[in-house]
Structure formats: structure tokens, C-alpha cells
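In the two complexes that follow, chain A is the common piece, with chain B as its partner first and chain C second.
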Partner chain A sequence: MIQLLRIELYKIFKRPRTYISFGIVAAITFVIQLAMLTDGKTFIGFAIQGINEQFDIQGNMLNGYLVTYIILQSLLIHIPLLVALVAGDSLAGEANMGTLRLLLTKPITRPKLVLIKFVSSFLYTVLLIIWLAVVALFFSILLFGTGDMINLKSEAFIMILKDDVLWRYFAAFGFATLAMTTIASLALMLSAFADNSIGPIISTMGIVVVLTILSNLEIPLFSHIKPYLFTTHMIGWKGFFDEPIPYAAIGKSCMVLVAYTVGFLATTIFYFNRKDIKT
Partner chain B sequence: MTPIIETHELSKSFKDFKAVDKLSFSIRRGDVYGFLGQNGAGKSTTMRMLLGLIFPDSGSILINGNEFNNGRRDLLSSIGAIIERPDMYGYLSGWDNLKIFAALSGGKIPTSRLHEVLEVVGLKGREKDKVKAYSQGMKQRLGIAIALVHQPDLLILDEPTNGLDPQGIAEMRQLIVSLSKDHGKTILISSHLLAEIEQMATRMIIIHKGHKVVEGAVGSLLNPDETLVEVITNKDASIKGKLAASEWQKTIKTIEDKLITFKMNPANTPALNRWLVAQNIDVLEIRSKHSLEEYFLSLTNDTVTKN
Partner chain C sequence: MMKRLVLLAGIFCLLATSVWAIEANELFNTMRTKVLSVKDYTADVKMKIDVTYMRIPQLKGTLYFKSPDKMRLERHGGLSIFPKKNINLTLSNLIPTGQVAVLDLGPTTRNGKKLRVLKVIPEDEQGNIVLTKIWIDETNLLAVRTETTTRNDGTVIMDLEFGNYIPFGLPDKVTIFMDVKDYKLPKGVAMDYNDDHINDTKPKDGKGTKGTIQIQYLKYTINTGLKDDIFKGKKGEE
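Here is the complex of A and B:
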């Protein structure tokens, strides 16, 4: 199993396209950081103008923690696409290249192959989130320093003390890894159904976009299904920046995401184990 | 002796299309077994079923006497295969591809073995190049190297000469014959060309529209006495009578206008020619082909006509 995983990771990281995702994450992050460096003070002033009338706010508001939060808000919408680029390609890409038939003439069981593809997609997701943590959090702290973090919500204003922020970020990145693993398992499942990788990548994004819209629509018709959509729970990481932290809701979101991941993976194994390889 | 592969009434349909229909055949250890059929006859589907890539609707496959589905993993360790094109990871080098598939073949394969198979297929010196820079022939060779690297007993090669130039085809033939003779491999090789199978195989099967047409030793199926010798002459009214009274009478198959067809050993063609000339019959052309070839071509023509 370890040997197979090593081979799979070798294949993933030998492909130039794998690094596009890391490049995109770095590029978007640096653009936001640059914008904050030049216009950050104006932005913060505008954001807290209502609060300033009621509170006397002192200190470095435009700090690395706030900039990271802004980056995460922007990027966590796009990261599913980057995860789908690799996970959606994992089985369908092999089918498209014709290497799937060569792989399956080797003494490897199909469930094992699916599991290896899943674990390698998971590790890729972990690395992408770590990379996001490094470029967003580490460089933002380096550029803007640290300080108390303000979390501006539509109905509340939350101030988190400087010493209480960092662990929340690590927890949020952990949660994001779980959410992106669900996306990876969805993309892998769609990849098993297809023989070229474009279909699964676009389908994954289509599903995520449609379900995210449903999750955000305040229409009574959808209120019954919202709690069951994985997209509703993908934004659970924001809970770590609430006060008090809604541990029960975060725990529930984790369970829903794990259930979806297991469901997608089981469906992939069930289907792929019976699939005729005709490419 | 237990056949290395045995199928019983193997069938597979894709929607309404019956690709393979109750196909039974057996391959003995040491055979170079030719799998002959026109495009779409069901060769690749059968080979994919033998490798577990496609699941049969009914029938059974025994490899070394064991039910394939029961011991799929172990059985695949003793098989090397190329199915259709030898597709590999183009962004990796030939060496990387070989190393990856060797590692997946079960058991630890020493680096010296990788060098050995590269030598056998004639790719030594080019192994560090990326596969996307390889010619079709080089990819075929690398495919064979991958199929051979774990020293399997059985090689399944689906049209391995496809896309090769004449020199490549000749070299591939030589390699296959050598793998059988010098390395003792049992080889199942498919082709849509009878001449190709004739030059390599010891036993063969012809399939058409998923059915078995004929199976047996190439020597007996391509018995020289079954060769059709066609002679084109100037039209001569007396020829029928002269032939009827001659020793060639029993070898005549048809006489149509200027074309006379004999079924005989082609070694007797010079004697026939001499006799015709001695009878003052002008011989414009003599050509020979095997009756099996004629039959095989008729299958192909039948489909071409219908299409």
C-alpha cells in the first residue's frame, strides 16, 4: 500500500499541472496582500466606520490575522476547483491517457486503486491547505504584523485577542482540509464515471456552485434541505472566529462532511469495481 | 497438461451489440497462439476479459486451471500484456514508466532486470528520454518491456505491430518469436492479418462477429496441400478437355473463362506451368493463396460489402 502510494504521489508531483494550483493560491494571496498594503487602511476605515462612532478602537487593526481572514474568505471558494483539478483527473485522466488498462492488468485490486487515488488526493489537499497557511498566514503576519483581530459580521462585531487567534487559524485550516477532502471524494467519484478528466472537474464545480447557491438562498422551499447539503457545512471553519465558538455546530458539520466523504468513496469503489474498462 | 488459458462459452454484449458469443478455446503452455479476426470481430474484447478489464456476461475463464475471478490478483502476476496501444505516462521517462509498472507487477524486481528487459527490446540508451518524445515503435517496445519485466509465463499482445513501419513490424515479429523460442514464453497475439499470424503462431483461432470460426495448429490449418493456385491463361476451348485427361484433373477446383483454380501444394506449381506450356496453353499469370486466406478474405469482403 505504501509502495503504491509513493508511486501515485510521484506521478502527481512529476506533473507540471500539479503546481498550477500552488501558483494560483500564491498569486491570489499576494494580490490581496498587495492591495491591503496599498489601500488596506482605507478599507478598514470604511469597514469599521459605524463601529468607530460607538467604540474607541486603538491599535493595529490592519494586521496579519485580519488580512488572512480576508484571504481565506476569498480563496476558500476557489480551492474546490484546484482540488477537483487533481482528484477529478485521478481515474478519468488515467482512462483518457490509456494507462488505466495497463494499471489494471497488474495485480492490484480495484478497491485498492481507488483508495490509493483517494489518499493521494487527500495528501495533495493537505499540502495545498498547508501552502495556503504558509502564504496567507505566515506572509501576512510577516508583512502586517500581529494584533487583536476583528471579525465583522452583518449582525455582530467580534474582537478576538491577539494571543487567542493563532490556534483558531490552525483549527480553521484543519476544518478546511476536511471540507476539501469531501470535494476531493466527490471529484474522485465523478472521475470513476468518466473517461476524460474535463467532465468530472467541471461537474464537481457545477455541483459545488449550485449547492452553494442553494445553501445561501434564504427561501423557505430550500430551508428543509439546507442542513443536508455538504456546501452548507463547508463554511463551518468560520465558527472558529465566533465568540463563543459553536463547537456543537462545528462538530455536526464535521460529521456531515465525513458522512459525505465516506458515501462518495463507497459509491466510487462500488461502481469502479464493476466498471468495464473500454478505453 | 492443463491449458494455460481455457475459456468456456464466453459471451459479452454492449447494449444490443453482441461482441463475443459463446467463445471457447484453449491455449497450451509454450504456444504462440494467434488470435485472428477482422476489426470488430471481438479480439480485443476477449483479451480484455482474459485480463479482467471487462466482465463477461456469461461463461468462464480458467488460467492455469484456476477460475480467473477467484485468484485474479495472483494470476495477473503471471501475465504480461499490451492491450491496443501501449499508452504510458508521456511526461515521465521510459525508465520511470518501466520502474513504476515493475513495482506494480508484484514482488521486488531488481534494477538489473530493468536493464535486462531494455536490452531485450532494444531500448538501451533511450530510457532516460521522456515517453512523449518516443516514436510509436519505441512505445511498443517499452510496452513489451513493461509486459516482460516481471518474468510472466504468459504474454497477451493485442495487435502489437499496429502503427509500426515495415522494419518495425519485422523486428517486432522477430522479438515475439525469440520470446517464445529463447525465453519459453506462452504468447497470445492478436492480429487482423493472416500473414502476420502465419509467420509467428504455432496455433491459431479465427473469430468472426464474436464466434469461433476455426481453431487448430497453424501447420494443419495452413496445410500446403490446401493452397489455391490460380492460373490465368489465354482463352482456349480445348483446355477443359486437356486438363480432364491429365494428372492435374483431381486438383482442379474451378474453371471460369480464363481463370483456372487448383487446390494443391504450391511446390508443384513449376510442374503445372511446364505441363500447360507443353500443351500450347499460354500462361499469363500464376498466383497462389491459401484456402484459409481466401475464406478469411471472404469474411472481410462480406463486411466491406455490407458496410
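Here is the complex of A and C:
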């Protein structure tokens, strides 16, 4: 099992396109950091003008913690595409190259193969999130320093003391890993349905985009289905930057994401077990 | 005979009113002189801001004050939040300066303590303070409560509790009640989380509301001749 996992990881990290994801994460992060370095104070000034009418806020508001939050807010929408690039290719890519049938001649059950593909996609996701944490958090702290973090919500101004911030980021990155694992399991399921990798990757992104729009639309028609969409719960990481932290809501989001992940994985195993492999 | 009695009573009332007015003026001026005798101080403080739309933990830091209106909270790299300068957090800024008219509203009891209530109206019509009501502890010459109506910032009520620094008229604890306006940030800039209905903080009527700021003064260092440089924003600060 470990040997097969090693082989899967070798296949993932041998491909140059795997590193494109890491490059894209770094590029977007550095662009936002550059924008914040040059124009961040204007952005903050605009954002807090309502507060500034009544209160004077002194100190380094544009610190690494706030910049990281802005980066995550912008970037975690795009990470699903990068996860789908690998997970969507894992079964369909093999089928496309004609290696799936050969692979299944080995003494390994189909469910086990699906699980190995899932674990390798999960490990890739974890590495991508760790990379995001390094370039976003570490470099932002390096460039902008640390300090108390402000969280500007549409109807609330939240301030978190600097000693209380870092653990929230670790929790948020942990939550983001869970959310991206759900995407990986969705892409893997779609990958089992297809014989070429483009279809599952585009389908995953299509589903994510459509459901994200539904999750964000303030229309009563969709208010009943919103709590059941995984995209509604993918932004649960933001809850760690609220005060008080809505643990119940975060826990509920975690359960929904775990349920979707298990559901997608079970469907993949069920379907792949019965699939007629022709390539 | 009757006419003389009425005349005497009238003269007595007039004299009594003017004597009270002088007493009230003296009381206010003595109290103001005591408050203004503190030219500067440095104090270790704990500050709690309780405004409907603000969720801020208790802030600890060092508060620098220099008469008449310079104030700075140093939080060793952290953020400090103050109401705008015209609603300063010091008593000296909520007591009118210059020529004033003082009206004696008589004695009252508050928290078991006998107090005298004065209404002070500044003669300067351009200033931010329209009128101030002051509850004075005559024994210690301390203002224990002020209610200041400002031209631009609504009404500011300040409750003061004294302990170790009575000779300087400096409080151990100050609670400020002030009017605050609504706060709303465009969705495009906001960092919202979809489960916000759980923590809905918006006042239901959509109008402005009251805010409270509580400052606990732990230790004062008084009249050390603080330099103006302390009150200038440091590099990188907003």
C-alpha cells in the first residue's frame, strides 16, 4: 500500500504541471503583497472610513496578519482549480494514457486503488496549503510585520490581539485543507466517470463556480438549499477570525464537508468497482 | 406693612440667589483649577470599548496625557483606538474653559454620596461644548459625573470613580457613555463569513446607538513634563 502511494506521489510530482499550481499560488500571493505594499494604506483608509468618522485608530493596521487574510480571501476561490488539476487527472489521466488497465492487472483491489489515488491527491492538497501558508503568512509577516489584526465585516469591526492571531491561522489552514479535500474527492469522482482528464477538471470547476454563485446569491429561493451546498461551508475558515468564534457553525461546516468527501469517495469506489475498463 | 414684608422677602430671595450663584461659581472654579492643575500624566491603563458594532478585547497599555488635549495610548506595537479628538477621554476636555455661566441645580444623592449638581454654560458660542452638567463631591472637590452636550458629537456622559489619586483629582476608573453612529461597509470590501446571522450585531432599528468606554487607571506618574514628541504618530502608523 505504501509502495503504491509512493508510486502515485512520484507520478504526481514528476509532472511539470504539478508545479504550475505552486507557481500560481506564489505569483498571486506576491502580486497581492506588492499591491498592498504600494496601495495598502489607501485600501485600509477606504475600508475603515466609517470607523474613522468616530474613532482614531493608531498603529500598524496593514500588518502581515491582515495582508494574509486578504490573500486567503482572494486565493482560496482559485485553489479548487489547482486541486482539480491533479485530482481530476488521477484516474481519467491513466485511462487516457492507456495505463489504467495495466495498473489493474496488478494484485490490488479497485477500492484500494481509488483510496490510494485519493490519499495521494489529499497529500498534494496538504502540500499546496502548506505552500500557501508559507508564501502568504511567512512572507507577509516578513514584509509587513506583525500586530493586532483587524477584521472588517460589513456590519462589524473586529480586533484580534496579535498574540491571539497565529493559532487562528493554523486552524484556518487546517479547515482550508478539509475544504480542498472535498474538492479533491469531487474531482476524483468525476475522474472515475471520464476517460480523459480535461472533462473532470472543467466539470469540477464548473460545479464549484455554479454552487459558489448559488451560495452567495441573496435570493430567498436559494436560501433553503444553501445550507446543504458544500461551497457554502468552504469559507468556514473565516469563522476563526470572528469574535466570539462561532465554533458550532464551524463544526457544522466541517461535518458537511466530511460528509460530502465521504459521499464522493464512496460513489467513486462504487462506480469504479463496476466500471468496464476498456483502456 | 404688607408691602414692606413683600419687599423684604424679595430682597432676601435676590440676595440668596446671588450668594448661591457665587458659591456655585466658586465651587466650579475651584474644582476646575484642581482638574487643570494636572499638566500631564503617564498611566498604566486597561481599556474596554463596548460599541455595538465593535468587537474589541480589553486593551492594556500606557496612556500619555498632556494638557490641554494631547493623548496617546501606547500598546507596544499593538493598535490603539480612541474616540475622535473632540470627545477626549479626559475630564479637563469635558469641562468648559474660559468664561462660563454656572447655575446651581441643588443637592442630590448618588450611590449614597451627597453631591451638588451644577450646570455650566460656556460663553464661547463657537466651542464644541454647548453645556455641561457636573455632579460634584464638595468634600473632596471632585467631579464624579459629567454630562456634556456637544455641538457635533451628541451627549457624552462620564462617570468617575476615585481612590488613590484624590488630591490630584485623577480617577481610578472612568466610564464614558457616548452616542455612536451606525457602521456599514460595502460587501465588496468586507471580509464577511456567511454564518454572520449568528453574530448579528446591527441595531434592529438601524439608528445610531450608545457606546461605552471604560478605562481603569492602574498607576499614575503626574506632572513630569512630557514632551510633545510622544504624541506624534510613529513611522508606519495610520
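FYI, the second predicted complex is superposed on the first by the 279 of 279 C-alpha atoms of A that agree within 3 Å, B and C clash if a C-alpha of one lies under 4 Å from a C-alpha of the other, contacts with A are read in each partner's own complex, and residues count from 1 in each chain.
The rule we apply is simple: a contact is a pair of C-beta atoms (placed from the backbone, for glycine too) under 8 Å apart; a residue touches a chain by one contact, two chains touch by 3 or more.
Since the structure is predicted, the reported quantities are computational estimates derived from the model, not experimental observations.
In the superposition on chain A, A:93 contacts neither chain B nor chain C. In the superposed model, A:47 makes contact with chain C only, not with chain B.
Looking at the superposition, the partner that touches the larger set of chain A residues, chain B or chain C, turns out to be C. Shared-chain residue A:80: touches no atom of chain B or chain C. In the superposed model, A:200 makes contact with neither chain B nor chain C.
Contacts of A:64 after superposition on the shared chain: neither chain B nor chain C is touched.
In the superposition on chain A, A:150 makes contact with chain C only, not with chain B. When both complexes are overlaid on chain A, the residue A:242 reaches chain C alone and has no touch with chain B. In the superposition on chain A, no residue of chain A contacts both chain B and chain C. Residue ranges on chain C touching chain A, taken from their complex, read 53-57, 72-73, 75, 77-85, 180-181, 183-187, 189-196, 198-202, 233, 236-238. Those residues of chain A whose C-beta lies close enough to touch chain B in the complex are 3-4, 7, 10-11, 14-16, 97-99, 101-109, 274, 276-278.
Looking at the complex, you find that chain A touches chain C at residues 41, 44-47, 50-51, 53-62, 69-70, 73, 145-148, 150-162, 164, 215, 226, 232, 235-236, 238-239, 241-244, 246, 248-249, 253. Within the complex, the chain B residues that touch chain A are 48, 51-55, 72-74, 76-77, 79, 81, 83-92, 96, 100-101, 103-106, 146.
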